[in-house]
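Shared chain: subunit A. Partners: subunit B in the first complex, subunit C in the second.
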Partner chain A sequence: MTRSLSRRRLLRTGTAAALGLSLPLRHPSAATTSKGGILKVAADTEPRNLNPAIVASNGVFFVASKVVEPLAEQAFAPNGAPIGQVPRLATGWEGAPDGRSVRLTLRQGVTWHDGQPFDSRDVAFTALEVWRKLQNLGQVVFASLEAVDTPDAATAILRFAQPVPFQLFRNAMPALTSVLPRHLYEGGDIMTNPANKQPVGTGPFRFVEHKEGDYYRLERHVGYWQQDQPYLDGILYRVLPDKGAIAAALETGDIDVAAFSAVSLADIDRLTQQEGMQVDQEGYEALTYQVMIEINHRRKELADVRVRRAIAFAVDRKQVADTIFMGRATPATGPVPRSDAQFFEESVPHYAFDPAMAERMLDEAGYPRGADGKRFSLSLLPAPWFEQTLQMGDYLKQALARIGIEAIITVLDPAAHQQAVYTDHRFDLAIGSPAYRNDPGISTTILYKSGIPAGVPFSNQYGYADTLMDNIIAQAAAATDPIMRITVFQRFQKYAGLQLPIIPVVDFTMLTTARPNVRGIAANPRWAVSNWADTWLA
Partner chain B sequence: MRRHPGLIEAAAGGAFLALLLAMACLASWLWPGDPLAFVSKPLRPPFTDPHLPLGSDRLGRDVAAMLAHAAGNTLLIAGSATAAAFLVGVVLGTVAGFAGGLLDEFLMRIVEAFQVIPGFLLALALVAILGPSLPVIVLAIAAGAWPAPARLTRAEVRSWRSREFVDAARLLGMPPARIAFCEVLPNALPPVLSLIGIITAAAILVESALSFLGLGDPNRITWGRMVADGRSVLRSAPALTLIPGTAICLTVLSVGIAGDGLTRLLDPRRLR
Partner chain C sequence: MNFRLARFAARRLGTGLLVLLIVSIVNFMLLAAAPGDAVDAYLAETGGAGGDAAGLRTAWGLSLGLWPRLCLYLSGLLHFDLGWSVAFDRPVVGLILERLPNTLLLSGTALAFAAALGTSMGILAGMRPHGIGDGILRALSLILSAIPNFWLGLMLMLLFTLKLAWLPLGGISSLTASEGSLSHVLDVAKHLVLPVSALGLGYAALYQRLMRAGMVQAAGEDYVRTARAKGLARRRILLRHMARNAILPVVTMLGLQAGTLLGGSVVIESVFAIPGLGRLAAEAVTRRDAPLLLGIILISALLVILINVLIDLVQSKLDPRVVRS
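After this line comes the complex of A and B, so read on.
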């Protein structure tokens, strides 16, 4: 572990110093890279819809980001902070001071995998028809997108009815702006287009096939716009849902890379003992998750802020980080993870572990322990997608029992869990794991703002409605001045800590485990969901 | 000993089960509180700490406490499911065998409908639809287990119902239901009871398999769930899988042996 970290730290600072670049994308120099080979990767989930413009989620990006490219990618700044974007399909971006338009300069000479040329009309079509209307995250960020002008093949101008902060647009580019081929999508039903399962893009790899329960296969795109890239001949994703099997496959060399902590944290220490096995915490700086206690405010007891604060005091965040995450997580203080230096606010209400205080607050709130020692009973639905969310459910049940609240756990399958929590609201407490995407405006404020229709997943389906909170979020959405915007988001974090509509527990990122011969891993802050054009096998 | 073949097996199996039952009863006295509480550092190996004789699991829970509490849950679920399967099977089998005719045909078709679906798949489907909770899991296991005692009871009852003592009871004016359940059934029952071992063993396995697949009651600890939790760290901490796995294995084995011994003790040919 230390070996791989220091190697890359050196590499990064070295390149930056030597070349004086402001945003060094660490392309290994041609002399040291070797071309060819198939990278075998463990896939622990198997999304059916591989269209990243519709489903902007890490599970889809993991495969599809190699095929379908966004306008820009996140890149490390010289000091290692995950800040700044580097060009992909757009080579330049410029926001109007009033926030009502963004001018994009597009890369020229790019072809789709089927040989058609890429131009500004593809961007216009995808923005208007897909990002704005169909995409889970785009429906928020691009809600006021009115029109896209295409004065020439290399220019697209996005026009907004309401001002959209350019800072938000820039931060949203890597995840929200995958561009689809207009010539394959125009005129038909986008949701049922065969290219959703058989994606066609401009990326370094061409989609070959998906064999259900078995593998996804990608092949090198010979005409990729970045000369000499990709280095690999192809990528094979082997579907391996079992963590134990993934660890074994890594050891035997059946797979080369397991990303997104697909190897059990308990196995990591053993794997690092193996000669040269790389375990990497980097490459996820822009992919932070939070373990979150989701609260249904329709339940009378939980609508009382004193009860919510009592629950926050009952949770030992450090124990959660040390036990469930085996030290690979940070106690969370608010809705913005500490890793985001730009927006993170330290001076928010802190809820240090104090069960006695929690009990006092519950007594004051009028919920004394009954004859059986219980105050009241709640249902608890841990999200089934991560091992850790399920384990957090087990932990919270114990933590609540200690302060006299009984929690009955129900574990549902992923589809039923989404339905129960985000559509039917059949829960009292739930454990969620929202992803934080570089900017609170992308997927964080949606957890706090009211008036979202039932059925929108990973949004405020908690029955929480507060006028001041809604005002703060509206202010942030309209703040075109970056400094002003940061100030508003600091207020947002303080108020969220005071109100505690949902309770952030820990910030966590993922781990990549790779065999010794894999090079160019963790090369950018969204590495696992980036295009892997500069990954190679030694 | 030769006068009582099967006695040794029945006694050995029974003794282990008695031990298990004692452990289940003493669990909440020896390890009070919730066995799922996080009490120590995660992944303590077994036999290193006197307070945690079997070590701790991935989340720092006491493996010994979980094992003991799980014994009770496993026995409760398997025992209730077996009892339910026998109750339904024996009653329907007696009715079908004694009444005969259309009612027999009808009941036997229902039995066959259940028999064509593999018991485990039926249990999976029921738990997936109704949601995992103790009564549902008992029902799901019993639903796949009742046809065997039903068919055997029916066959036995049919062979007994035309004996002279039945005719005599009829002549005395006994109501048919009373003849069936008070006169015929006690004679027909011994061979059916020999199924107890097989069905209980199968129930323990089905329950463990359901828990292993994450379809057990998440609020209760069972051995199957311990195996499932331990599986992700199989290579780093094999004891977490081996300990509950051994418990399942020994229990199923002892139930099987005890049932086998019981069958031979109750063998009608020997009694005759």
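After this line comes the complex of A and C, so read on.
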């Protein structure tokens, strides 16, 4: 279970630098980094709202994480131990044994981009008014946040009504704790504050302007707390909606970096033939996604676990990884990806590709092939989130046809898919691609737990309700002891594998494509959505 | 004559306004009938299981029924208020005015380029029908009209930007040039070459065929024989007598296609990363932003109506019989 750590990765880690090791190669050290230059980046979408404290999503972070900082960032640990957190706005964090409070020590001498000083009241305000009440992810983790004490400018104590595992809090810090300037938000309507579109933060880059449909421009924040950083003078995001155009722009040098697989896999091979072009799968270790088959348990046939297992046996995960993802994905065994060494559980029921077994199970379940060779017919809604989720729909249709199940594919656009699956439940099977966010407690268990009202997106809208599953999830939510909590999540994975309310197919991460002179493109496991203070141009 | 022309123009504008009203109501209904609303689109974009869907629907004015929303929208229109874009969280007017110049520049240039190239190639081809020149031009026009414009765009990009590095890749201008200066104008012109070619060449092929057919037909007419018998110069006959008649169907087609061209630039705007109205319309649909989409449709419809009035006037100049009919 220990993660093998390449020298290359080791050399890039910020933690290693903090330990005072002298590091050549791709890690920026004073001797080799050059300062200055504008990094030109491809952006394929423009989020409505650029406030990462309200919308904790990778689309928002991609731009906003350079401006607005969280309490801590995810980092590669130098000793190969599970991935850990390194300080950003908080320099220390300490959880009470009963899980009722977390004591944060905050960085001193930090100023907001408008010159105001940052202190504990900013953290208290954002936690109570934004993370807890408005954030898409925080509403789960911070649900029982009761109060935040600020004994002095450098200390904030979060108090919870129900115990919150400190482990969960730590794992949630990178994505869920972006801090907003209280002086700009207090007293007004937070949702309509102009700073949601023109973010003001403490990060290494200052937000300059957004020209819709054209570009975002960020500029070096001169008074950044980390001395000598950022290395870049600025970042320019060019809005390029067409994937072919992004590949071409990389070739000409109109852009330097395309992250989040903005270059299609088909173009990657051509690009790598160009001297020095970097294609990097690293730097996404804490940003994995899973292709999964979502199942509507309201449908009689699918409520039968034998039918769900049969479907699992009919899917060749390796083929999906090799063809749809061209080898850049790993067969999934459960809700937690293998890349999360902390929680991943190997010994779960495995469903190796075996269509004959699938057919036998369907016969046993009482669904023999009819005269036309079909057992029954299902509707299949592949989500339009990625090229690959749509292709997975086509694959599943063929795989099911082989075992006598007919699947009728309907492709909808995002809004219509959202409504059909998560509000109206008008589907039998769907292909989804949830993000895994460092800890199963953040946005994974919600896919398995029952009693969620209709209309809550990316949650269990599958009609699946199981008392034991709910109990395990409740236990994990209350487990303040980290070892105990890991054990509960191991049970969660085993039971999920047994019950198969959702069928995991493959885990995948993204690719970064960068021109030869860009350095430090995978410096941490959330690189694309981190602050890029240590990215530089050679 | 002038009075007649004015009445003619006024009548056309009157029908135009009625068309605008119908267009906006029908489109409002169509978008409302599409599954999922702006809040669904927003939640799909943000991810995560939170987000207060009901609260957002109220805040964005989506919790009202269809009719109240339509009435509100129409009453806003009467006050020349195009409403608030829920997807971009700002007034629709500003968004459209920001993008409109780019689209007008792109489509207008493409249309002018297509018309100029198409008619001159048509005249050339029609001069000696079934000659070698005609054969080559006809084959060329067939190929051009068969190529999808986005593919042509990507191929042009591959050749002129990647291989030869003569022209910039995309966008409407470099970010460095200061607006209004001569270098800025040149810079924009350079950026327009590829998208205008990609968008205009297919249309040019069409105009060429129309123009050629008109020229061939005119060549057999009595007035051309008379002109020739009078001993007029060949050049004068071609341009003044034949081309003036042959160009009428091309002008009609121009009017019809002004609308298509506004819409047809969606793909080209994406490929060449030009922030235009077409791309904005596509986003308005995926984000279920009714006020924005309606605003774009209204402005486009208005443009098409204006262009058609203009075309009618041009035609009445070219062919005085149009006013009388």
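One rule holds for everything that comes next: the second predicted complex is superposed on the first by the 509 of 538 C-alpha atoms of A that agree within 3 Å, B and C clash if a C-alpha of one lies under 4 Å from a C-alpha of the other, contacts with A are read in each partner's own complex, and residues count from 1 in each chain.
Assume a contact is a pair of C-beta atoms (placed from the backbone, for glycine too) under 8 Å apart; a residue touches a chain by one contact, two chains touch by 3 or more.
Quick caveat: nothing in here was measured; it's all calculated off a predicted structure.
In the superposition on chain A, no contact is made by A:374 with either subunit B or subunit C.
In the superposed model, A:298 makes contact with neither subunit B nor subunit C.
Touch criterion met: A:244 reaches subunit B and subunit C at once. When both complexes are overlaid on chain A, the residue A:319 reaches subunit B alone and has no touch with subunit C.
Of the two partner chains, neither subunit B nor subunit C is touched by A:350. Shared-chain residue A:459: touches subunit C; no touch with subunit B.
Of the two partner chains placed around the shared chain by superposition, subunit B is the only one that A:387 touches, whereas subunit C remains out of contact. By the touch criterion defined above, A:136 lies against subunit C but remains apart from subunit B after alignment on the C-alpha atoms of chain A. Counting the residues of subunit A that each partner touches, subunit B and subunit C differ, and the larger count belongs to C. Counting contacts by the rule stated earlier, residues 242, 244, 248 of subunit A appear in both its interface with subunit B and its interface with subunit C. Across the complex, subunit C meets subunit A through its residues 34-38, 40-54, 59, 87-89, 95, 98-99, 154, 157-158, 161-162, 165, 168-172, 175, 270-273, 275-276, 279-280, 285-288. Interface residues of subunit A, counted against subunit B in their complex, comprise 242-244, 247-248, 264, 266-267, 269-270, 319, 323-324, 326, 384, 387, 391, 393-395, 397-398, 401, 408-411.
Note for the complex: subunit A touches subunit C at residues 45, 47-49, 55-60, 134-140, 191-192, 197, 211-215, 236, 238-242, 244-245, 248-249, 251-252, 254, 385, 412-420, 423, 435, 443, 446, 452, 455-459. On the subunit B side of its complex with subunit A, the touching residues are 34, 36-38, 41-43, 58-60, 131-132, 214, 218-219, 231-237.
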